[in-house]
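Structures for review follow.
Two complexes, one shared chain (chain A), two partners (chain B, chain C).
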Partner chain A sequence: MGLLAQGIVSGVLVGGLYALMSLGISLSWGALKIINLAHFAFILLSAYLVYQLTVSFGLDPLLTILIILPLFFLVGVLMQLFFHLARVDEFKSLIVSFGLLIIFQSLIQTTWSADFRRIGSALNPYETESFFIGSVAFPLAQLMAFVSALLIAGAMYLLFTRTYFGKAVRAVAQDPEMARAFGVDPRRVAVILSGLSTAFSALAGVFIAIGQTLFPGLAVGWFGIVFSVVILGGLGNALGAVVAGVIIGVAAGVATILWGPLAAPLVTFLILIGALLFRPEGLLTTRSVA
Partner chain B sequence: MRQHRRWSYMAVITTLALIAAACGDGEGGATSTLAPGTTGAPQTTEAETDTETTAATGEPIRIGGTLALTGVFAATAAIHQATGEVFVERLNESGGLLGRPVEWVLLDDESTPDLAAAAYERLITEDEVDLVIGPYGTGNITAAMAVAQRYGYVFPHHTASLTYAYNYECHFSSWSTGLHPNITNPNLLYDAIESSGTPPETIGFVVNEFPGTMFISYGQPDTDEGGAVAEAEKRGWEVVLDVTFPIATSDWGPIAAQIKDADPDFLFIAGLGLDAPNIINAMQTIDYQPAGMFVQWPAPGPLLGTEGADGIMSVTIFEEHPPFTDDPEAVEVAADISQALADSGVPYTKVETQAAASWTAWEYLQQAAEGAGSLDQEAMCNWLIENGADTLFHGNIEFFPDQQNYYEDLSKIKQVQDGDWWVVYPSEFAAPDRSVIYSP
Partner chain C sequence: MTGRARTLIGFVVVGTALGLVPNLEEILTFPRFYLIFLFTIFFWVAQASSWNILTGYSGYFSFGQGAFYGVGVYTASVLVGKHGWSFITALPIAGVVAGATGLVLGLVVFRVRRLTGEIFALTTLAVAFVLASVARLSPSIDGGTGIFMTGTAVPEVLGEFTTAVYRLTLLIALVAVVTAYLIHDSRLGWGLFAIRDDEAVASGLGVPTFRYKMIALGANASLAGLMGGLWSIQLGFVTIDDVFNIRVPLFVILMSVLGGMRHWMGPVVGAVIITTLADRLNSAGLADVNQIVIGGMLVVLALAVREGVYVRMRRRWGTTAITFFGVLVVTIVLGINESLISDFAYAMVATVVVMLLPERAWDQIRRFFGRREPGAGDERAEGLTRTGS
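Our next item is the complex of A and B:
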């Protein structure tokens, strides 16, 4: 029983990290109609910058958020301006952002080499810290990622439902021309949302740097999980992303305990196929932005 | 709208699948439509044909090969690149090969077997290289070997793990694991553990589904030969855990929980690369540490900075301490390789299995050509089989054709002690004042 409980807790918490990694892509795809694969590069680049700031200046990895988030917000803004300039639509965005992903990966390999990088235990107090309820462990780094995902999802829900900006985002997502007719500036909305999406991806990178060993090829392994979460959660739906991340995390964790680790990806992708067949609009459709 | 979105999802997923395939997905062998020509211009390392060169003259001898310069194996391939560059540079400085300068035509196989095969096809048929040297990674080596065999090229290679699968009469492995590492490697480890005087009563296995680690753990598929698991049982150790995990595992928590639940006296991690640090970290977060651990083929650097990794064991063929460094030339070469690794930005610069195997493969090629006195592939192949090779890191090697050109298992057991790797078994190869530390 303790084993199963640990598997479930682990799945819930890692689901938070999956959600955090998926938020940027989900918002970008749902609200801006940009399928932005560059977010994988932003997560990775953010993780490397956290590593470098921590190792070079001895900063607490969590404190780097103060530098990382504004920086990547700016990157997101500039990227969206470029997309406007290049008239990138939904399907062109796949190609363009894949190119950006490759460019950033190459830059990362050139800068940090292909070898593995990890923040040493002396500089990373969160790496293996946990607190316990009975015999069940709650790893601190994963818990922080989970709480961050929840807070962001809640904030985005309030932003989209209770503010003028949120209404503007939804209007732009549904019909940009009509939104413009009602005085909404779609470009301004898109630029701000792109900045936010990129900052969320960067935040995921902070937790990746705290908990994992980095190498330039790391991002390729995230594709399956992240797109499963995005599609299951519903495009542009931050709360849906958290729910989907938890479902996938728990399903994989329980499958690992019950049937072995090889069953985890099978269960994950069965869930994805089920979602595509029966809920292609996502789990929490009524709250979707698009 | 709903229908449109469904097709939109399908299109995106299909595109992503193609992208993931193009990026490579590990040793299993992704399919890609990219031609090797798209991997960029070949990189070459050539003789400085100025006054510093002693005697190398004439047309360069072109040696073709690929490495995983990008993709998931790039971290380890960087070691092979640095080692190869040092070898070629030193070879050219000492007069070249058969009196001619040597040029290494190096392509990027992007960590993908089918790209490696296509690149070797190009190197042999279009670039018409004189010699070839193997790539890095079991899948890539296996794929490239088939091409070398088709054209009859001598094929030295470094760290391919599926020994039973390589029956090409002109392949020469520089990874001295012997033909049956699934038997010899575990028994070497188990002997090392028993040398501590307190053997375990229980043992647990966590096995990466990568073919090489499956082979080590369970033996050759479709045979009853067995591997590490069966060999442990033969010693009367109870196997209390035996789980296989996917190559692309991202959540290690449930696996760590299973290990804690089984609580083995000794944990055998049949993993590679970052598997061990990831598992150890996950175990640390649930406040668990087995009494002893072994990992098959780890990336050496990351484990040293991992909390809870002290005492973990692994296999090696060379470490930078006596008695391996008793030969001054080995020290000199190791220093050159370390410097090359540092220059290329690699954080862990000590020479160990990867660099030593890489260097040895180059030695095979050099000695085959010099021994045969020509670049005739058949003559080179026959010369190596008849004469073996005199190597810097392994000493004299004799290839046994009845064992698919393999020779004895020269592996040693190393252990992390006081924050660094030390060979601890067999005792004649152990670092001074070092021995196996294990107490269940």
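Our next item is the complex of A and C:
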């Protein structure tokens, strides 16, 4: 029983990280109609940068957020400007961002080599620390990722439903031409949103650097989970992504405990198939941006 | 004689000529490496052509080539390496299992009503990694240890190992290209093109969209798996990281984007060019840079090239021939390269660069030579066939 409870708790917490990793892709797909596979590279690149900053300058890994987030916001802005300049549509975005993913991944591999990298525990106070409720552990690194995912999802929900900018985003997602006619600049909206979603991916990278061992092949291993979360949560739906992340995290965690590690990817994939068959528009459709 | 009969005879002639190359080895005394280089090209021709049957014709963008290829590789290696089957019986099974994988995938994804194209693309992307983790964790498939395929017996009729691999890859590549050609000019092909242009309209006009998409996906997956099964003996030692990586989908996409996805010859041309370039980069010790160059080419070509180089080459076949053979002869005569393959690589790069010149540049060149626009009719005809944007 204790094992199962621990499995569920870990699943929920890991689900927060999954959600954080999926937010950027989900937002840019749902609201900007750009399927940006380069986000996988951004998550990984951010994780490696956090690693490098802590190891080279002895920075606290959490403090690197102050450098990482603005940096990646800028990257997202530049990328969106590039996409606009090159007139990338939804379909082309797949090919182009796939090429970008390959470039970034190779650059990471040539810079940091294919070896395993991990922030040493002397520099990383968050790695092993845990809260306990009864015998159930809440690892600090995962807890932080989960809380950030919740906060961001809540903030995005408020942003999209309560503010003028959110209304503009939804208008652009529905019909850019019409939005333009009503005085919204689609390019400005897109650039800001792209910056935000890239920053979210970078934040996921920070928590990955804190909690995991890094290697270049990591990025492609995320495809299955992230894509399942994006589809199950609904495109452009931040709250949906958190719910979906938790569902998939718990299902994979419980499956691992019950049937061993072989079951986790299978269960994830079955959830994806089920989502595609029965709710292709996502779990919480009515609140979707797109 | 109809155009189709002429093309089919062309396939027979080219196939026979290439099939005889190993017999010439002793007479011409060329290095053994040339055979390996050629069958690597055949491998990619088959992969790119089969990919294009689904993605080029129907417009459903697939990242699943690596998954289908991997299913083929692992079906053959498990049957041969773990259960002691003979290679030649395991080979067709590899194609069948990969085809079945594709059909099951299609059954799920093609049922989704909204966003089918994008969801299809990303599901195929995820499939390879799910399969990889299943193979890694299941000891009856791989279990993380890899499978040895070295010393697998090939039928003696086909000659010794390299020659046999050469002939089998050639055969499968021919089957893939002929399949792509036959579908291109058939009712099925027209149906697939209609689906690509506008699926709702196609469906309304009576194209059985679901069935056609399933046929295209099945053909794609089974050909990819068949070639994968064969490739398992070339790999020698089969590991998950080697098989289920991003290389296969990346290369087939790049090849088809470069060559052109609207014509069955596009992927063939693209495969020949990219394989040659990748081989030269590797032999120049630039394997690390290789991936970056390939990724960069993909971005640039996807943005810059609309119809692929093959269509342009056909429109200006004279310029193509002059550039290609001109550069080839010059490099051979000057002897600036040690290898004949490098000469070909230079000639191909020169041709591609010339072909990728924008129309404005061609106007300038024509004006410079004071000639009247020779291909005006072609331009107009091309404008008619080019739909969408």
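FYI, the second predicted complex is superposed on the first by the 290 of 290 C-alpha atoms of A that agree within 3 Å, B and C clash if a C-alpha of one lies under 4 Å from a C-alpha of the other, contacts with A are read in each partner's own complex, and residues count from 1 in each chain.
Following the convention adopted for this analysis, a residue touches a chain if its C-beta (ideal position, glycine included) is under 8 Å from a C-beta of that chain, and two chains touch if they have at least 3 such contacts.
For clarity, every value in this text was computed on a predicted model and none was experimentally measured.
Enquirer: Overlay done on chain A, so just call it for chain B and chain C: clash or fit.
Expert: clash
Enquirer: After superposition on the shared chain, which partner residues are touched by A:Gly99: those of chain B (first), chain C (second), both, or neither?
Expert: Second partner only, chain C.
Enquirer: Would you check which partner chain A:Val88 touches, where first means chain B only, second means chain C only, and both and neither mean what they say?
Expert: A:Val88 contacts chain C only, not chain B.
Enquirer: Quick one: is A:Ala114 in contact with chain B, with chain C, with both, or with neither? Answer first, second, both or neither.
Expert: A:Ala114 contacts chain B only, not chain C.
Enquirer: Is A:Phe269 touching the first partner chain B, the second partner chain C, both, or neither of them?
Expert: In the superposition, A:Phe269 touches chain C alone.
Enquirer: First (chain B), second (chain C), both or neither: which does A:Phe227 touch?
Expert: In the superposition, A:Phe227 contacts both chain B and chain C.
Enquirer: Please indicate which partner A:Leu78 is in contact with in the superposed arrangement: first for chain B, second for chain C, both, or neither.
Expert: In the superposition, A:Leu78 contacts neither chain B nor chain C.
Enquirer: In the superposed model, does chain B or chain C contact more residues of chain A?
Expert: B
Enquirer: Give one of first, second, both or neither to describe whether A:Pro216 is in contact with chain B, with chain C, with both, or with none.
Expert: So A:Pro216 only meets chain B here.
Enquirer: State whether A:Leu59 touches chain B only (first), chain C only (second), both chains, or neither.
Expert: A:Leu59 contacts neither chain B nor chain C.
Enquirer: Under the stated touch criterion, which partner chain does A:Ile35 make contact with: chain B (first), chain C (second), both, or neither?
Expert: In the superposition, A:Ile35 contacts both chain B and chain C.
Enquirer: What part of chain A is shared between its chain B contacts and its chain C contacts?
Expert: On chain A, the overlap between the chain B and chain C contacts is residues 35, 37, 90-91, 94, 98, 105-106, 109, 217, 220-221, 223-224, 227, 231, 235, 260-262, 264-265, 276, 280-281.
Enquirer: Going by the contact rule set out above, which residues of chain B touch chain A in the complex?
Expert: For chain B paired with chain A, touching residues are 2, 5-6, 8-13, 15-16, 19-20, 23-25, 69-75, 77-78, 111, 209, 243-246, 248-251, 253-255, 257-258, 260-261, 274, 277-278, 281, 284-287, 299, 301-302, 305-308, 344-348.
Enquirer: Which stretch or stretches of chain A touch chain B in the complex?
Expert: Touching chain B from chain A are residues 2-3, 6-7, 9-11, 13-14, 35, 37, 90-91, 94, 98, 105-106, 109, 112-118, 120-121, 127-130, 132, 137, 139-140, 142, 211-213, 215-217, 220-225, 227, 231, 235, 249, 252-254, 256-257, 260-262, 264-265, 276, 280-281.
Enquirer: Within the complex, which stretch of chain C touches chain A?
Expert: Going by the criterion above, the answer is residues 61, 63, 108-109, 111-115, 117-119, 121-123, 125-127, 129-130, 133-134, 137-138, 241, 245-246, 250, 253, 257, 288, 291-292, 294-299, 302-303.
Enquirer: Under the definition above, what is the set of chain A residues touching chain C in their complex?
Expert: 29, 35, 37, 86, 88, 90-92, 94-96, 98-103, 105-107, 109-110, 217, 220-221, 223-224, 227-228, 230-231, 235, 260-262, 264-266, 268-269, 272-273, 276-277, 280-281
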